[in-house]
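Mind having a look at this structure? Questions to follow.
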């Protein structure tokens, strides 16, 4: 009983399980897949995944606040489009950045308004804005061929190298750290959690839940915009459908990292680990020469197993740290996971 | 889902029922759009176009019906698209392998139900969030069909009969088999939802799982069967679309889950569970198909399609909301 | 300017294609002669023992690792791949070269370009000998990637890629094995259609997702054909998303608006076939040579040829997929194994296929598809 | 299970033993919830099951009603050993349960709620017939329903439209239509008004006459007397005693339940010295409400609140007490009306604003409206005023835990540490945490809505003590309590609401009690609050 609870406390530490799984996978691939540990390839795929890491930060805010944002992928693509467009018009790179981020913020605002003010279901709203953003990009690429800007400083936004890492990786790192702080250490972050745990009790304890949610969606949109800028600067070209489906990877990663779709549970770095898990899995399978057709199946199974383990651990840890008997099992049975 | 008993349907009551109908708003929008188009586009109101639209909306209708059932139970099924692709593949391939059509279809339906059950089990027994469980299943299904076909479209399963199932050959005038199937299914489902224990318990589970459990409802069983139904309808959709396209590209199901959810929600189903009707699903499917039809007829540049679809989705939900708000106000004022 | 270049290519490709097609009879080999690959490889039918021996000695039974990534898995790319296997098998027999063949397609639709990039990158880090790419990814993007590949000593080839849309000088590939979307596909379709309709008529176009390079190329060609035949009027356009059911629905909608059209152009065959279904569904008449609605697509797929045989599809442009596949291997072998140099653009002959000539095209494609699946999984 | 389903159960005459649970044990992963507990019930008796929070009552009942399975132990029902796998099989045996938290599905009609999950049992059809015939159902349940005050008409309305008592009645009818042998009532009076309780007790007696054995869980020990025949008393998962109620008094029960001398727990009603302040000039208004209006809920409500007083608000469910508080907190929008806080006109559009102005609220229905279940005690306490735990703009863990431990010791909140999740605490302790949350905002006006709902008598006393202290410390308190006893004992002044308007006010309650006696005051309130509209 005693050491059991020690063990439970140990594995109950946020994200320890997924982290362990991640490490195991890395070991596995470095043995099985040749050239898995080559710095180049690592740097490459991390660099490719940066947009996902960035949107997953904003997504984490939204999910913890009890919402969901399906639009981030499409918004990221559109912002990439807008920023590259203005850069091709010859605007300075910082203007391009601003335009890209503003594009994201605009859609964040759209989501925020429809979900918090018109009170439409988050899933539906963001599904709608997903279509709108994706469509807007199609229209844009229909007008202009976004085949690259002459402005080298725009390319340098993501391309510069510090200590062997590209600037986009550094930016991602900074964003992760900053927003993790905001989420865990700022009043705003705390209110986000409260909102996600329960709109009504949060409201009654004096929290402006609508404002928290609003903020979460703005952050999500803005970060999607920034991610778009980085992607555009990295690819130096944008086409319709770019970054479509990123949102699903991000959501899967977040949940895998233990961010609860019911809201009120999770943290940025856990979500990042989840995303890292998925991207690394993808990379490893690629390097093992596995047919990508199998990826989806493997990924799907990994997600399922991961979530099951995470929940099992959560339950386990829960039942040990308790006083009253019924509440937990009651609670767990009561919890609903629909969006 | 309180039903009106004899004597209650006074004109005012009826009026309120209509106004408070969850999909009243979108219905109004639809009627407006149709009127406008009729004047704007001579070829719109033609019998041929109507049959086209109806035939085109069949696939989504099947999926939307299934999705509505799942939504009523407070779930969500993202896997319908790939389930449709897989089952279509099963039907096609098995026919090619020389099975009689009926057997092939039976296999397809069974597999559809099977996938649905797996979804249900993952969600109820393992407690995986429905979004994630069905998302994973979506990927798995897609992977399976791609591996199986190696990406090559399935050909050569079409036969005379299959042209009827695809709705390419009509049985009487404009009437095609899929139309009849859709009508029959939605009528049957409506009766089940309104008149059977299962239907009752479905709504109960959706609106309050704990209360339902306390009341002695087997919540898990109900949820699983909801997903099974969704799988079954996905399979039916698969069999149908295989006949409609006369060839099965492995990615045939891509994006259909979204259309299905959109249709169901436009039709008044709620992602929070406990709400939704068959007629709503059909209205939703019609809305989506009509949007595309209008885009093509009016000759709007195809690149605008996504934007319009997105706007229609949000607009429709807003419209429903607005109408119900309005009628509730009217209702209250009427009461006090 | 564009026009000039066009005409230039136009004339010289027709010369080539003439010779090529004549040389083709048999097993579609020999094109190499004209296209830069060594004559030695071309003498397929009548294998020459001493020559083969000589090459064997150079090859020394070495293994060539090839990565082959189409933008999406589809009938068209399967035909190309099978054709490649044909050639691989042949060369293995004649020259004792071993092949390691890995096909990886990004999952999703034509827009899943990130996938392609990842795949190529992984092959780079795994030090493949040759990489064959066809992708919807943006030109500029992939060229950067190719440069890194070259710097690592890998040889990159593109196939079935609209290279003609970009200045040859900017191509970072060893060679582009393909055809010219403008003059060999869009233009052919347009002119055939115009000729068949006697220079006047209303037509409907069903295009792939807007913004793709293939669409742009074929559009340029088709527009030129239209310019030459002012009698042909485009009454309606729609997006068929390169897939059949979307093409079907789109064609259906347009047919209700313009039941009196004379022809439907599907940018690819799947959509053209969808259109032909729409004609049936609308109870309209297929083209019989004089009346009815003419349908034309582009690709040259077995399924298309079947429909032509049934008279459900009037014509399609065979974009020389089989030749592309074989050329790809010829070129890879020539450059990787023999260290030869080849021209940057290797365009294969294309041809409008209709009832009059579909048989040998079908037989040719079938021949490729019947390859024992030795290299593929 | 199957043979259980159609087991022929003969109606046994009163007095004979109908249920015998013996040596029941249950562990929830590692925690001993029940330890060799036994329960014996005679048919046709009212059997009280008593014990503090976490004594294991609910677990025992869950086992009996088939929601969970015991690890060990046997259940003998009507002389036959039975295994109860699910609520359904319990129903089929003739064991029905009425849950504490109302398990009514608002979207379904009353009728549908009644036969939900037991269709076949009602119609006596084979359980596999898939169809439900509402008319037939209605016929079956009509008589029982009317007996418990549900009209033919109401059967077809959505259950969501009705109040707490109706919902209870619905559940009772639901339980009765399958002719149960045993009916389990878990806190059946929670959320009921005094007069409603009387009705419910009436119902319970008539059930008893029908030969139904009632197992009755309650925290209101005073209710037990004169109604229950026998009692089983539990503590910490063990059975302490099984006795007849006759010859016992409140004190005995309490000391059995908590193992502590009753004297410490039974409240001694006392008058707080606020009389002194009455009329004196240093007394001031903290809150002035004028002309609150909200469509269909509040009709032109005006009242004042003074510093250091406890203002009780009496009224039946639906009288608008909670609605009034929600309006005060700025949760609901008003059509008209103005608020003066400390003499200054304020616009309260959102609870946020209310807290800024020094108004804090302890909501009713703790589980749903009160706790933020995922939060630790620390977070739960600091959330309403995070400024208190900020250090240069960021949340400071040290400050937070200090704050928490301060309140934990002050209110003696029982918890292993301040990082424990609030949902793992017992009801009483949860309530204390929520009160701490409010006090952390340093409010000048505190609103308590049903503060002792569903918490055991021990913590109840503590909460009462706390409220008194707050008032003595000069805070203004608004108290809502359906339990008139609680309301009258605590309040200095009581205003009575009926149908959204104030119908009466009783000044200086404690004095009145002294002069006229408790009953008179109670009668007055009951009379005013429940008089039918003229």
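Letters A, B, C and D mark the chains in the order given here, with residues in each chain numbered from 1 onward.
Note that in this section a contact is a pair of C-beta atoms (placed from the backbone, for glycine too) under 8 Å apart; a residue touches a chain by one contact, two chains touch by 3 or more.
Computed from a predicted structure; not experimentally measured.
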| item | value |
| --- | --- |
| Maximum centroid distance from chain C, chain identifier (CA atoms) | D |
| Chain C and chain D: spacing of chain centres that average the CA atoms, whole Å | 75 |
| Whole-Å gap between the CA centroids of chain A and chain D | 42 |
| Inter-centroid spacing, chain C versus chain B (mean Cα positions, whole Å) | 38 |
| Multi-partner residues of chain A (at least 2 other chains) | 138, 142, 240, 291, 293, 295-296 |
| Two or more partner chains touched - positions in chain C | 73, 105, 107-109, 210-211 |
| Touching two or more other chains - residues of chain B | 142-143, 146, 151, 210, 213, 301, 303, 305 |
| Each pair of chains that touches, named by its two labels | A-B, A-C, A-D, B-C, B-D |
| Chain A-facing residues of chain D, complex | 28-31, 33, 53-54, 56, 58-59, 62, 68, 237, 329, 331, 350-352, 354-355, 360-361, 363, 368-375, 379, 383-387, 390, 393-395, 414-416, 420-421, 423-426, 437, 441 |
| In the complex with chain B, residue positions of chain A that touch it | 68, 114, 118-121, 123-125, 127-132, 134-136, 138-139, 142, 240, 248, 251-252, 255, 260-262, 291, 293-297, 299-301, 303-304, 307-308, 311, 332-334, 336-339 |
| Contact footprint of chain C on chain A as seen in their complex | 34-35, 38, 40-41, 44-45, 48, 138, 141-142, 146-148, 235-245, 282-283, 286-287, 289, 291-293, 295-296 |
| Complex interface listing, chain B residues touching chain C | 41, 43, 46, 48-49, 52, 55-56, 142-143, 146, 149-153, 155, 168, 241, 244-247, 249-252, 254, 292-293, 296-297, 299, 301-303, 305 |
| In the complex, chain A residues that touch chain D | 1, 4-5, 181, 184-187, 190-191, 193-194, 197-198, 200-208, 264-265, 316, 318-329, 331 |
